[in-house]
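Two complexes are shown next, each including chain A; its partner changes from chain B in the first to chain C in the second.
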Partner chain A sequence: MLNGHCLETSGNGSEMLTDAYRRYVGDYPKFFKMDGLSRLGFIASELILQRLGEERFTPRTDRAVILFNRSGSIEADVHYQSTISDPDNFFPSPSVFVYTLPNIVTGEIAIRNKYQGETSFFVLEHEDQPTIQAMIEASFEDEGTTSVLAGWVDYTDAHHFEARMKIIIKE
Partner chain B sequence: MEDLVLELKKDIIESLNLEDVKPEDIDADEPLFGSGLGLDSIDALELIVLLERKYGIKLKDPNKGKEVFKSVNVMAQFITDNRTK
Partner chain C sequence: MAGRIAVAIADNIISPLGLTSEENYMAVKDGRTGLARYTGQWGLPDPFMAALIDRESLPSLPDEEGLTIFEKMVILSIRQALSQCDVDVTSERTLLILSTTKGNVELLGKSTTQRCLTPSCPLLGEAAKTIANYLRNPNLPIVVSNACISGVCAQIEASRLLATGRYDHAIVCGADVLSPFIVSGFQSLKALTDEPCRPFDIDRTGINLGDAAATIIYRGVAADALPSGAWTLVKGAVRNDAHHISSPSPTGDGCYNALRYVMQGACEEDIAFINAHGTATLFNDEMESVAIFRAGLSQIPVNSLKGYFGHTMGAAGILETIISMRALNEGIILPTKGYECLGVSKKINIATESGHTDSRSFVKMMSGFGGCNAAIRFCEYQS
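Moving on to the complex of A and B:
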């Protein structure tokens, strides 16, 4: 759903994210190197930023990216663990390891959009709106921040994920 | 050698998640880094792991990677000369 309208996608589970990438983005091959959480956050941010219609991909310091979830980077953690759990087949994967921190998704979004402002990622027990609102309001105490790309981006595995994202602009 | 070059291209695509790249898109003489493939330092580390996991080659000197990963053909020759499995 984007601004209350359904977007056309196909595929089950994480295939839907790949399909959305091909339909609505298509020009950022690094997408395929990302873990599930980063893919989810990346697609959600792309869809909302495309619709916003603002000038993109020019360096800016006034936009913060502040995201929240419950599951941290559990999918990447489990994947990485699988590369180091067998002593006879012990080949830690660098490209999986780099995603074993949930805040990497905020970095991916910032890199894509050339945002140089604050990026933060908070892991909460649940989608606690008062806490989320307080965190976002606090980010505006930095006078350099005029807008925040904020949202709940949770990815447990290829079949269990959800994202809600919005842009909040300082009045 | 030709078989190894093709195998390597497929391994590189799979290991580095180059989803939209086909083996025939990779010129075996072109530099792997700094070319159109857009590879970065994490990809270089992943290629080092690939050499060890699949061919039993441990790159003890990271600087050696610059030489070995010059192109797919150079990599294939290096593997032929040094593989232990």
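Moving on to the complex of A and C:
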């Protein structure tokens, strides 16, 4: 759903994200290296940013990316753990390990958009809007920040994920 | 209420070098290290050098059954810091901010399910809630999980929220506990060395990791009521390189932008030293030297504390800030343990011996996976 309207998608679970990539993005093959959380955050951010009507992909330091969730990077954590659990089948994977930090999704969004402002990630036990609102507002204490791409981006596994994102602009 | 300034009023460090900030600081002054070499630890095939805490030697807590080592270390650290001041942890005007990269990830190795079915499960928010409940703090705790810069971010978040006047105190605790998950992960990236790390040195070959928990309790104080001698968090910034998710920008963009922001309103002569991230990887240390040079700060003494504690991940930003504050209380610039000969392209001023300074201001900087960088300028308030 974007700005109150449903967008057409197909596919179950995480296939929907790949389908959305093909329909609405299509020009960023790095998408296929990303883990679930990063794909989710990337797609959500692309859908918003494509329709903002502003110039994109020019380096800027005044847009912050501040995301929240409950599950951290659990999908990548479980995946990485599976590469080290069996001593007879021990193959620690660096490409999986890199995604075992939830803030990587903010890095992926920053790289795509050349956002050189603040990127932050916070984990809360539940989605508490007053806390989230207070923290987003307080981020403007950084005088260099004029807008924030903010949201709740939670990915537990291929069939359990949600993202709600918005842009907040300083008056 | 608005515009209150974050003042550090109490602190604690738990590491292999001691259970209090004082013990840890004295060990650093003595040049001691918590690093040791481990072969076959946890059944991992490759040896590594790290600062591991002897878990059996941690003091007991009342009702500690069911707490994980991570939760226990956080609680011990916070309680020890609280014992130095009169902050009421049970007040809704006291906020708990945790900084950690992997929290209770050890639990994954002990469970076959991926859902959180038990009270102590691997989700960071759950661990934070367990800790808040133990301490009887009524607020939803905030967990900063911004890779290795989390400890600096958590302090910046504390200063922002204290400035709003919604809280009087922020208890900022950073901690990470090493495990096969973390060590094997860094080994898979070829980021570790099994020798003592050598920040900024020409022969540096990588990181040593370390266990630690570190706490700073901040109070929001009106600008006209600052106590003399108080450590204040003057300016902080987080900036992304927008370059790569696991390598720093070769031009140090994010680090440079963060430094430039926090140096607004200060001059180079005011700054006693820059406590860098200095993890002793080829890329990180080179990048920091470029950022420092670009920011026009090449003359300022630079040090790294990784040779004493290892890289303590979620704890690092807080732990290294505490040691820096204590050093500057005595007018000391601590040397960079493991450094002998400059091995970065910019000629920056690495502190090699204990030096003296009359300045009472320092900059803490850090960088982390995801391309993030952070810096804070701290000043000791002189009335």
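The criterion applied here is as follows: the second predicted complex is superposed on the first by the 171 of 171 C-alpha atoms of A that agree within 3 Å, B and C clash if a C-alpha of one lies under 4 Å from a C-alpha of the other, contacts with A are read in each partner's own complex, and residues count from 1 in each chain.
Definition applied: contacts are C-beta pairs under 8 Å (C-beta built on N, C-alpha and C of every residue); 3 or more make two chains touch, one makes a residue touch a chain.
Since we're looking at a predicted model, the values are computed, not measured.
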item: Partner chain(s) touched by A:Pro29 [first = chain B, second = chain C, both, neither]; value: first
item: First, second, both or neither for A:Thr146, with chain B first and chain C second; value: neither
item: Partner, of chain C and chain B, that touches more residues belonging to chain A; value: C
item: Partner chain(s) touched by A:Thr9 [first = chain B, second = chain C, both, neither]; value: neither
item: Residues on chain A lying within both footprints (that of chain B and that of chain C); value: 92-94, 98
item: Complex interface listing, chain C residues touching chain A; value: 43, 45, 101-103, 105, 108-109, 114-115, 122-126, 128-129, 140-147, 153, 157, 159-161, 163-164, 166, 180-181, 184-190, 236-246, 253-254, 257, 261, 368-372
item: Of all residues in chain A, those that touch chain C in their complex; value: 59, 61, 65, 70-72, 74, 77-78, 80-81, 84-85, 87, 90, 92-94, 97-98, 100-104, 106-108, 110-111, 113-126, 128, 131, 134-135, 137-139, 141-142, 144, 156-157
item: Chain B partner contacts - residues on chain A that touch it in the complex; value: 29-30, 32-33, 91-95, 98
item: Chain A-touching residues of chain B, taken from the complex the two chains share; value: 15-20, 38, 42-43, 45-46, 49, 52-53
